[in-house]
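Below, chain A partners chain B and then partners chain C, in two separate complexes.
So, the complex of A and B:
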C-alpha cells in the first residue's frame, strides 16, 4: 500500500503529465491537424483511389492494379515522362550557366548593380499566367515581336507558329521558363560567391591567375554546393510545373508539350478518369519524395535532415 | 596591356561586365516592357506590331477598370494570401518550437513527415484534395484555399523555423525557465522576437507560394466573384482576344502590385530565397 505522500506525488505527476500534454497540444495541435487533414489524408486517399475506377460523382468500382497496368501502355504518359526529362535538362543547365555568368559580373560593386539585379530577378515574382499570356503574343507568328525581329534581320524563313507545332512547342515553353528563373539562379550564385573568402582571391592574384582562370578555377568549383542545389531544386520545380504549360499550350498540340501535371489535369478534370489520374499522381508523388530526400541528403538543408535520414 | 595601372584595369573590368550585363538585361526586360507598351496603345494602334507605343494613352485602363470589378479579385487575393501567410507563420513557428524545445514521443516521426512533404508537387494531390474540399463543402469558400495553402506551407516553414530555433542559445531559455517563465512565455516573449529574420523569410516565401498558386485556385474557385487575382487573366484571355490593349491593361493591373511589393522588399526576397537552400 502506498502511503499518503506517495499517492499525492503520483497525483501531482499525473496532473503535471496532463498539463504537459495539453500544452504540447497547443503548440503542435493546429499545425498537425491541418497537415493531417489537407496533406496526409489526401495522400492516403490518392493511393486508395488509384485502385478504383471513379469519376468524382457516383460510385467507385474496385479494379485492382488496372490503372497501373494502363500506365505501361499509355503513350501520352511515356511522352510526358520524356518531356519532364527534356524540361529538366533544358531548363536547369542554360539557366544555371547564364545565372552563374550574371552572378560573376554582379559579385563586386558596379554602377547600376542593384538595377541589374532587380530587373533580372523580376520575372520570377510575376504570375505565370500573366507571363504565359505575354509570351503568347511574343511568339505570335504574324504580329509578334520575335517574328518581326527575325524578318527584319532576314531570317523570315525561321518564323513559325512556335507554340502550335509539335516539334517546337515544348522548347518554346522551356525558353519562357528559362527567362523566368535565370534571375533566381543568379541570386543563388551571388549568395554562393559571397561565401568565398577574400584570401582565396588574394592568394590567386599573387600566383598570377588571370580573370578567366579566376572564374573557371576558383569561382565555379567553389560554388559546387549552389550548383547541386540548383540542379535538385530545378528537378523539383520541373515536377511542380503546371501553370505555364496550361496557359501556353494546355499540353498540346497533340500532347507534344504534355507534362505529368497536365496529363493528370486532363485525365481528372476533362475526361473525369479520377482513378487513372490518381495512379499518375502516385507516380509523380513518388518521384517528388525521392527528389526531396536527395535534396535534403546532399545539399545545405541536409544539416537538419542528416540526423533523421 | 602591361602598362595599364590598377585603376585602368579596374575600369576596363567594369566596362567588360557592363558589356555582358547590359544586352542580357535589355533582352530580359522586353516581355515586361511589352506588357506595359501594349496596354498603353490607343485603339488605332492596337494591332500595330513591334514593342513600341507612339501615342500612349490610359484609355484601356479606364475601360477595363469601368467594366470589371477588379478590386473584388484583389480583395480575394489579399484575404486568401494574408490569412495563409499569417497562419503559416503562427502555426509553423509554434510547431517548430515544440520540435526544438520540448522533447516528446513521435517528434522525429513528425519532423520526417514534414521533410518528406516539404516540396510536395501540388498538382499531384489536387485530385483527392478537391474531393476533400467538396465533402467539407469548402468549394468557392476562402477556407477552401486557406486550409490547403496553410497545410502545404507548414512543412517548409516548420523546417526553417526549427533550424533557427536549434541554433538559439540554450542559456537564455534556461534563465527564463528559472525565472518561472512557461513554454508559451518563452516562445512568445523571447524566442519569437529574437528570430524575426527567419519569420520574415517564411513570410516572403509563403507569400510567393500562395499569391502565385494556380491549379488549386482554379479548381476551387469556380464562381467569378470568389476568384483571386491570378485567375483573372484567364477569364479575360478569350473575352478580350480582339482587344489586346484591354487584356494587357488587365495583366499590368495584376502585375504592378507584386512588382512594387517586390521592389520595396527586395532584401527580404533575396534572403527568403536563398535561406531555404543555402543556409537552411
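So, the complex of A and C:
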C-alpha cells in the first residue's frame, strides 16, 4: 500500500503525463488535421468515387468493381503504363548522368561558371506550358529550327515529324523533359560534390589518382545520397508528369505518348467518366506508394531517413 | 483622448455608411467562362456596366481545361457563379440539374416571338442531348460559328493560284504551294477538333448526315460514304496536302501562327478567325482581313458543289444557375450578353457570329472585311443545318483516335472505322 507521499507523487506524474500529451497533441494536432483534410480525405474520396459511375457532378450510381474490371480491357491504360516505364527509364538515368557530368565540369574553377550554372538551371524554372509551345515549334519538321539545322549540315534524311509519329512522339517529349531537368540534377550534384571533404581529394592526389579515377572512385560513390534522392524524385516526377505531354501532344498521336495522368484527365474532363478516372488514379496511387516503399527498402534510403529521424 | 474617440467613432460611422451605401447600390453578378477571351469579355463587361452603373459583373475567364475543373469543383461545393459559359450537348447536360430553364425569361425579355430572332441552328443545338420530352432551354446561344477553309490571298496572288473548287484543283494548289516552300494546308493535328472539322466537311459531301445517324445508332460508322471520306482524309497526308508533322502541331498557337505569318497557304478554321482582324498584337495578314479569304471545302464527290451549306452551330452559350433565381440583375446581364450592348462589344471585336439576327460590327475597316462578314451571316449561317459538334464525347474521342490512326499510317480507313464501330457503335 502506497503512503500519502507516493500517491501524491503518482498523481503529479499522471497529471504531468497528461499535460505532456496535451502539449504534444497541440504541436502535432494542426499538422495532423491538415494532413487528414488535404491528403487522407481526398484519397478516401478517390477510392470511394472509383466504385461509382458519375461525371464528377450530379448523381452517382454504384457499380461496384466495374471500373476496375474495365481497366483490364483498356488498351490506352496498358499503353500508358508501358509509357510510364519508358518515361522513367529514359528520363531519370540520362538526366542524372548528364547532370552529374555537368556538375563535375562546373565544380572546378572556371571563368563565368555561375553564369553557366544559371543558364543550365534556367529550363527547370520555366513553365512547362511555355516550354511545350517552344519545343513544338523547334520540332516542326517543316519549318522548325531543328529540321533546318539538320538540313543545313547535310542530315536532311534525319528530319522526321518527331511529335507526329507514334514511334517517336514519346521519346521526343522525353528528350524535352531531360533538357528541362538536367540543370536541376546538376545543382543537386553540385551540392553533393561540395559536401565532399577536401582532405579526400588531397589523399587521392598523394595516392596518384587520375582525373577519371577521381570522378568514378570518389565523386560518384560519395554522391550516392544525391543519386538515390534523384531516383526517388524521378519516379515520383514520372508518375506526376502531365503538363509537358499535354501541351506537346495531348497524349497523341492516337495515344502514342499517353501517360496515366493524361489518360486520367481525358477520362475525367473530356469524357466525363469521373468514376473510371478515379479508378485509374487509385492504380496510379498504388504504383506510387509501392515504388516509393520498394526504393526505400532496397536502396537504403530508408535507413538514411530513419537515421535522421 | 476624448477627441480621438470622437474622431474614431466618426470614421467608423462614415465607413459603415459608405460600405452600406455601396453594397446597397451595386449589385454583383458573377460570370465564368472560357470564351470569349478575356480582352473581349472585358469589353463586354465595360459596355454593360456603362449601361447599368448599378450592376457590377465579376467575370472570370479560364483557359478551357481549367474551366472544366473549376466548374466541377464549384458544382460539387455548391458555389457556382450566377452565369456560366456552356457548350451545347454534353457540357450543358452535365450541369442541367444546376441550371434554370430560360425560355420563360426569354419571353419576358424578348417577347413571345423570341425564337424568331435567333438563327435556327443556334436554337436547335441549344437543346442538344435533352432527355426525351424535355423541351427546356438550359442554355441560350451567345455566338455561332461556321467551319470553312481560309487561304492566304497574297500568296495565292503571288503564285497565280485560284481558290480550288474540286479535289483535283485542291491537290494542284497544294502542289504549287509546296513547290514554293509553303505549307499547303496547315493542320494542327495534335488538337483533334480540327481533324474532326476537316473530316466532317468531307463526310458531309460523301455521306450527308450519316455521321449523326451513326452516332444515334441508325447507321454504322463503317458506312461506305464515311469510309470514302476517311480515304480523302488519308490522301491529305499521303498526297502532301497537309504539311509534314501536322499531327504533332497544335492549332493554337502554332498552326495558326504559321498561317498568320504567311508560311501556310490554307488552314481549316471557321468564322471565328475574323477576330484576328482585331488581335493584339495585330496580325499584319488580317488587317482589314485583306490578306486572307474564306472558302468552303472543295467538291470531292463530283457534284460540283463544295461543302454547302457549311457545318456550324453554337460557338458558346450561356446558362443561368439556380443560385441566380430571383435576381433581376442577372437577367439584365443575360439580355445584354445575348442581344444587347455586351454582345455588340464582342461582335465589334469580330469575336464570332452573333446568335441573334441583325447584329453587326459598328465599323468595318475595309470592303473586303464587310464582304466576308456578309458572306458569313447572310449566305452561310442562315443555311447551316448540320452541326459541327457531335453529341457524345465518346464518339468524338473515338473519331479523333480513328483520324489520328489513319493520318499516321497506323490503320487503313476501313480498319479505323471498323474499330470505331466496334468501340462506340450501337
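Quick note on the criterion: the second predicted complex is superposed on the first by the 249 of 309 C-alpha atoms of A that agree within 3 Å, B and C clash if a C-alpha of one lies under 4 Å from a C-alpha of the other, contacts with A are read in each partner's own complex, and residues count from 1 in each chain.
Methods note: contacts are C-beta pairs under 8 Å (C-beta built on N, C-alpha and C of every residue); 3 or more make two chains touch, one makes a residue touch a chain.
Worth saying up front: this structure is predicted, and the values here are computed from it rather than measured.
In the superposition on chain A, contact of A:123 is made with chain B only, not with chain C.
Looking at the shared chain after the overlay, A:271 reaches chain C, while chain B stays out of its contact range.
In the superposed pair of complexes, A:133 makes contact with chain B and with chain C alike.
Judged by the touch definition given at the top, the superposed model places A:143 against both chain B and chain C. Residue contacts after overlaying the shared chain place A:288 against chain B, while chain C stays out of touching range.
Of the two partner chains placed by superposition, A:79 touches none, neither chain B nor chain C. Of the two partner chains placed by superposition, A:174 touches none, neither chain B nor chain C. Contacts of A:56 after superposition on the shared chain: both chain B and chain C are touched.
Residue by residue along chain A, chain B and chain C are tallied for touches, and B comes out ahead.
Of the two partner chains placed by superposition, only chain C is touched by A:165; chain B is not. Contacts of chain A with chain B, set against its contacts with chain C after fitting on chain A, overlap at residues 56, 133, 137, 143-144, 246-247, 265, 269, 274. Only residues 13-14, 17-18, 20-21, 24-25, 28-32, 34-35, 38, 47, 49-51, 91-92, 94-95, 97-99, 102, 104, 108, 110-132, 147-148, 150-152, 154-155, 158-159, 162-163, 166, 182-184, 187, 208, 211-212, 214-215, 219, 229-231, 233-234, 237, 244, 247-248, 251, 254-255, 258-259, 262-263, 266, 269-270, 273-274, 276-280 of chain B touch chain A when the two sit together in their complex. The touching residues of chain A, when paired with chain C in their complex, are 55-58, 133, 136-137, 139-144, 161-166, 169, 172, 246-250, 252-256, 265-266, 269-272, 274. Residues 23-24, 26-28, 30-32, 34-35, 37-43, 45-46, 49, 56, 98, 101-102, 105-106, 110-112, 114, 116, 118-123, 125-131, 133-135, 137-138, 143-145, 148, 179, 182-184, 187-188, 191-192, 211, 225-226, 229, 233, 236, 239-240, 242-243, 246-247, 260-261, 264-265, 268-269, 274, 277-278, 281-282, 284-285, 288-289, 291-293, 295-296, 299-301, 303-305, 308-309 of chain A are the ones touching chain B in the complex.
Residues 65, 68-69, 71-72, 75-76, 90, 94-95, 97-98, 183, 189-192, 243-250, 253-254, 258, 263, 393-394, 397, 401, 404-405, 407-408, 410 of chain C touch chain A in their complex.
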